[in-house]
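Per-chain numbering from 1; labels A, B, C, D, E and F assigned in written order.
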Amino acid sequence: MKLVTAVIKPFKLDDVKTALHDIGVAGMTIAEVQGHGRQRGHTEVYRGAEYVVDFVPKLRLELVVDDADSARVVAAIETAARTGQIGDGKVWTTPVDDLVRIRTGERGPDAI
Amino acid sequence: MKLVTAVIKPFKLDDVKTALHDIGVAGMTIAEVQGHGRQRGHTEVYRGAEYVVDFVPKLRLELVVDDADSARVVAAIETAARTGQIGDGKVWTTPVDDLVRIRTGERGPDAI
Amino acid sequence: MKLVTAVIKPFKLDDVKTALHDIGVAGMTIAEVQGHGRQRGHTEVYRGAEYVVDFVPKLRLELVVDDADSARVVAAIETAARTGQIGDGKVWTTPVDDLVRIRTGERGPDAI
Amino acid sequence: MLRRMRVDSGDTAWVLGSAALVLFMTPGLALFYSGMVRSKSVLSMLVQNLATIAVVSVVWAAFAYSLAFGPDAGGGLIGNLHFAGLAHANQPVPGLHLTVPPLAFASFQMMFAVITAALLTGTGADRMRFGGFLTFAALWVVVVYAPLAHWVFAPTGWLAQRGVLDFAGGNVVEIDSGASALALALVLGRRHGWPRDAMAPHSLPLTIVGAGILWFGWFGFNAGSALAANCLASQALIGTQLAACTGLLGWIVVERIRTGHATTLGAASGAVAGLVAITPACGFVNSVAAMLIGFAGGVVGVLAVGAKFRLGYDDSLDVVGVHGAGGVVGTLLVGLFATHHVNSAIGARGAFDGGGVHLVGEQALAVVVTIGWAFAMTWLVGQLVQQTIGLRVSEEIEIEGLDTVVHAESAYDFGNVRAGRIGR
Amino acid sequence: MLRRMRVDSGDTAWVLGSAALVLFMTPGLALFYSGMVRSKSVLSMLVQNLATIAVVSVVWAAFAYSLAFGPDAGGGLIGNLHFAGLAHANQPVPGLHLTVPPLAFASFQMMFAVITAALLTGTGADRMRFGGFLTFAALWVVVVYAPLAHWVFAPTGWLAQRGVLDFAGGNVVEIDSGASALALALVLGRRHGWPRDAMAPHSLPLTIVGAGILWFGWFGFNAGSALAANCLASQALIGTQLAACTGLLGWIVVERIRTGHATTLGAASGAVAGLVAITPACGFVNSVAAMLIGFAGGVVGVLAVGAKFRLGYDDSLDVVGVHGAGGVVGTLLVGLFATHHVNSAIGARGAFDGGGVHLVGEQALAVVVTIGWAFAMTWLVGQLVQQTIGLRVSEEIEIEGLDTVVHAESAYDFGNVRAGRIGR
Amino acid sequence: MLRRMRVDSGDTAWVLGSAALVLFMTPGLALFYSGMVRSKSVLSMLVQNLATIAVVSVVWAAFAYSLAFGPDAGGGLIGNLHFAGLAHANQPVPGLHLTVPPLAFASFQMMFAVITAALLTGTGADRMRFGGFLTFAALWVVVVYAPLAHWVFAPTGWLAQRGVLDFAGGNVVEIDSGASALALALVLGRRHGWPRDAMAPHSLPLTIVGAGILWFGWFGFNAGSALAANCLASQALIGTQLAACTGLLGWIVVERIRTGHATTLGAASGAVAGLVAITPACGFVNSVAAMLIGFAGGVVGVLAVGAKFRLGYDDSLDVVGVHGAGGVVGTLLVGLFATHHVNSAIGARGAFDGGGVHLVGEQALAVVVTIGWAFAMTWLVGQLVQQTIGLRVSEEIEIEGLDTVVHAESAYDFGNVRAGRIGR
């Protein structure tokens, strides 16, 4: 199995979720994160002092998927999350040794 | 070493923490996340309009553990987090190349 | 490629970010997390009842880096985040199979 | 001038206190509204309301007060500029026999103009330009509000002369803002994603802070409109309270039946709807009638807010449904329930007090006139601003959120990450 | 009727303003309480309070006011239904020589009934049924509150006739709510996880918003109880302020000694405890006595809130410890400190004003009667509701949280994830 | 004593209501300030303000009131202890011809002392010791505030005798707090990371809750200072409103020009700056002058807050820039705009009312005296506390945050992780 981790722009969540549903993937875990990279943060003003907020709100999606599915999942996320503007984010894949569904104790791909 | 990642129901945290303490594991890092899967979100009402919140609050636990411990850790989490109801969550295990304790610079299993 | 994950004390973020910039690393994703380990949480008082908050606020940094860079990145974080006090946190490294930049579709180290 | 009037200190204390209460309603409204928007446009809502207080107060002092309450310029249509700049504003308002200093009255009325304009921020949530709205508000208070206030509130106004009864602003404030909101919603167009996306409130506790302030302030609004601390003010106060209560109950009962849940936002909205409905009536009806009117306001309110989904206009925070509908309900029911037992000064009695349908007719006329005037003129003013300096931000800004882009601020920073550096 | 009374505009302004202030206290209480609960039942606390305002106000107007302040039906035990539906409510209350319109008095007293019932929401935090509590509140205000108000506040009531002194509700509001809260806590039972889990406040700033409103409103509560704007009201106001201050200091000093920390919640709680303690006393005692009474209230409060852990009842937000204990302290200390220098209208003087123990005895009697009555009757009413429609939600709902399950809302949505779609 | 005075119920209602309003300002200030600090020291700000209310009120009743308003002890420099402990406090204040009970006046003035001291918490944000500050505040109100109040507010004070005009506290409250804040900032030193780190507000909605309360309360502060419900109070009220509005506009216009953005915090700050500037003037100037003074306050405020970065003192929440600068602006402009058309009781007329430069000179003298006195004495008191019990926490505590370390509480807990156990 693979763990697909994607960092995306928050307002793209709905599109990504729909794209994943369309290829039959539903299970995922999402965290609100702050990104840092090429995309610059915005400037804020606080009683006349200006400062740059270096971090940009992003969402981080994690999906454990079957080896066979991982390329499709990555592709689906990629397409759905793309705006073409800087800061669209990343998707990376890492190996998973094992997975358990807590409710049933099922293991491996069955637990996805 | 292994990285054990668990997604659990929030109100089970105390039980899981206790179970882990019981097998001698204390170090972990926890994030508040939103889960999506078989468990349906709840319906909310906003001035007469009804909508479904698709995400369910979950906690995501991360523990770097010795290879030898990983099965026990997974089992402890599994048992403590189980309610038998849909949405109990997942536990997965991934390989870790290296670990450092920042305070001392210790490396590998000593740093756990 | 490697995924470097670091758990640090929140007020060290600025130092760590600067140290990483200095070695040419800018991209990272940050989450607010709660840590549990040797460092004890603080005691709070609620209308006369005292209780311990078992978790300590930490930041969790994630960086996908080139294999060649990973040791330098770990070292930079280690040095910048160290206070020598208990609770400084951990850095661990895990293998990454693949990485995509959503904006361009670039893959592998080029996408970092 | 003043020396010729009898100033009663108790009445003055009440009207000054009421003016303060009504002013407090606008920050209250800002909180009420800002809790209802998503976390990316919280501050835009707050600052639009604060700046509306500023702009409208200044315009009011400059000349809108005079247009509304100055000596009639002819036909009961508009006041002249005798009180412009609050000059001569220690002279009595023609036709009003006040026992309070005219400046106390001018202050009290200023706060009414302020909150009426501020209500419109709710319609434009998430997408309205800051400068554009302030320009709009300045024009609106002169073009739309001041004439209506003259017609209804000034004793020399043509609707007042016909015997239309509006104790505390059912027409001037509530229907006016509701009809104007509809026009503004049409000028602005829908939000990106509406009506598909839920756009749920980001902080209902903040909304309840605002609702509490509104409820509190409304005692000044309604009972202060007696312009004296007397039996009439007492009746207005208890009627206001009871209508808020039955409005709340009406709303959540309907909601419970329709969705299975009584909601917090529903309770607060129902209280506001009840308060809106009793606004024109509280000085003319008894306590039992007040309960019925409030209940009607709540029930009609919850039904009316659903209309926007069917009709397709994005009145974001339901100014039409709550203020417009509630104001119509209250204004019409005055025609039924007004009684000289409560207020011996009224010209015509309500239907249930033996007055026949005459008063109902006058009230209905006022409703039609107010809706027509407010809708048409607001649409014109809105288009004018839209076509010149612009009234709506770009879609890009709307998606990103007004707070960071327009106001360069974020509402909240609870965490440990955002901190920036100054001067780097 | 009214024409036979002398209505003083200054007194009326003060009482109407005070009625508004006291109403404002209940949204304030809602915020005070809702900040103290966990984030999953914030809205349940808010909406329970809002709906309590509605239900109690309507019941009050319908007949509870008449039971409390109507012409005595016999023996000083209860009023008759002469004022039911606020009919004849512009007639004077028997025995009260008011200079304000009776409806101003009725409004003012309505707000007292509202907040007393609302206090009980604090006891049932996190687990109380919405509909069940509203039913309970409606019954409670008739069965428990109205008789007590008659006994103590109505000049014809039997405790008032004996010379019991209760300026602004030490018995009727504070001890009453405290003893009722104890009974309700027993009926409801403990929360899941109590007393092991900390159940810490989710937003202390929200609690302080509420505390500020309560403090502010309490001036209306206490100084408004003079029912006139005069020297007595002034003494009541400054005594109220001083007692809030010393209550705050008393609480945090004890807390600092016991835990090493002075807390924000402690400061707010101490201010409330001081305000509670001075409530029965502020119109009878001088400023120095007010400071002592407030201090006693704060010290006793902080000690009393710990009792629930020892005794094992889950009075979640400490209505017993703060209102019950503080009310007893204040009521008894009136027996010592009441002086005719402050209030020449009192029958018996306090011990320190040369009155011996007579007044202390009467006050103690009132305490015992109030505790006994409120506890017993509330227990009965609570059981009645519990056994019929139910007063407590299931454990499943309690764990999940009342907000999402019962009210289908979430208090906060600061992030970017939750957004749903309408009509999918 | 009291019987010899004519107590007017309307005036009393207004002054009691105003006292309540001014008290409400301090919780409002606490919220205003606490929204502006980072999430780790929110509660420290709240509890410092609450405890300041307590300490200052008690000190005020104990003797500061007497020092300020007691019979002059000689030379117009200080009052004697005749009113200490509020003994004889139902006797009239020498030189004041009040129509309200002296205790109403004492209450009203108590709230002024409270908020002036509370303003200083803003300077010490994030790093001030709790106990140290309370000690400081107790000393400060006696050593710094009470003498100034005597000089300016008591008719027998030496500055009052010279004809210095300060209607509601431009010197006594605003310049006083501003100059004291500067001294305190120097005694405390800079925060860790200042001025490099942004230290942005953690919750601007909370700040706006506070700003709304401040604005509302300021009507009591300013119009209440007429000490009667009359024409003068009405003028003060409308002038206060207009100055708040133009202050808001002045601030955001400058901000827009300088940074391209009008901010929410800027709007709130500008309103406060306008309110500050009109405070000394509102009972002496007409509405147009009030608008100009408010505008000047806003513009000077936004320029002044930048000064700390250039001069290098860390006045964390800008007490110097907003209150100090605004107070100076308003006090001096009284010299220009004061007119006997508004207030026939004034000795000298302003320059534009044909009074020449005399009044300007007196006002300038008052400014210089106030700044000198407040700065010097506060520095001494601050050093005294700093060197003895300490006024600043350790750097370790400062970095960790005052809330958890000093007060053992966290402001917020929105999540599902923190829950602890009791008694483990």
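Here is the rule we go by: contacts are C-beta pairs under 8 Å (C-beta built on N, C-alpha and C of every residue); 3 or more make two chains touch, one makes a residue touch a chain.
Model, not experiment: these values are computed from the prediction.
Shared contact partners of chain B and chain F comprise A, C, D, E.
Touch-path distance (fewest steps) from chain B to chain E is 1. Inter-chain centre distance (chain B to chain C, centres taken as mean C-alpha positions): 18 Å. For this pair, chain C with chain D, the centres built from the Cα atoms lie 51 Å apart. Counting only residues that touch two or more partner chains, chain F has 8-11, 13-14, 17, 195, 197-201, 203, 209, 213, 229, 259, 261, 263, 265, 309, 408-410, 412, 414-415, 417-423. Residue positions 11, 14, 30-32, 34, 44-46, 49-51, 54-55, 94-95 of chain B are each in touch with at least two other chains.
If you sketch which chains touch which, every chain touches every other chain without exception. Residues 197, 399, 404-405, 408-410, 417-418, 420-424 of chain E are the ones that touch chain B when the two sit in their complex.
Residues 415-417, 419, 421 of chain D are the ones touching chain C in the complex. Residue ranges of chain B in contact with chain E, taken from their complex: 11, 14, 34, 41-46, 49-55. Of all residues in chain B, only 10-11, 13-14, 30, 32, 57, 59 touch chain F in the complex they form.
Within the complex formed with chain C, the chain E residues making contact are 195, 198-201, 255, 258-259, 261, 263, 265-266, 269, 302, 305-306, 309, 318.
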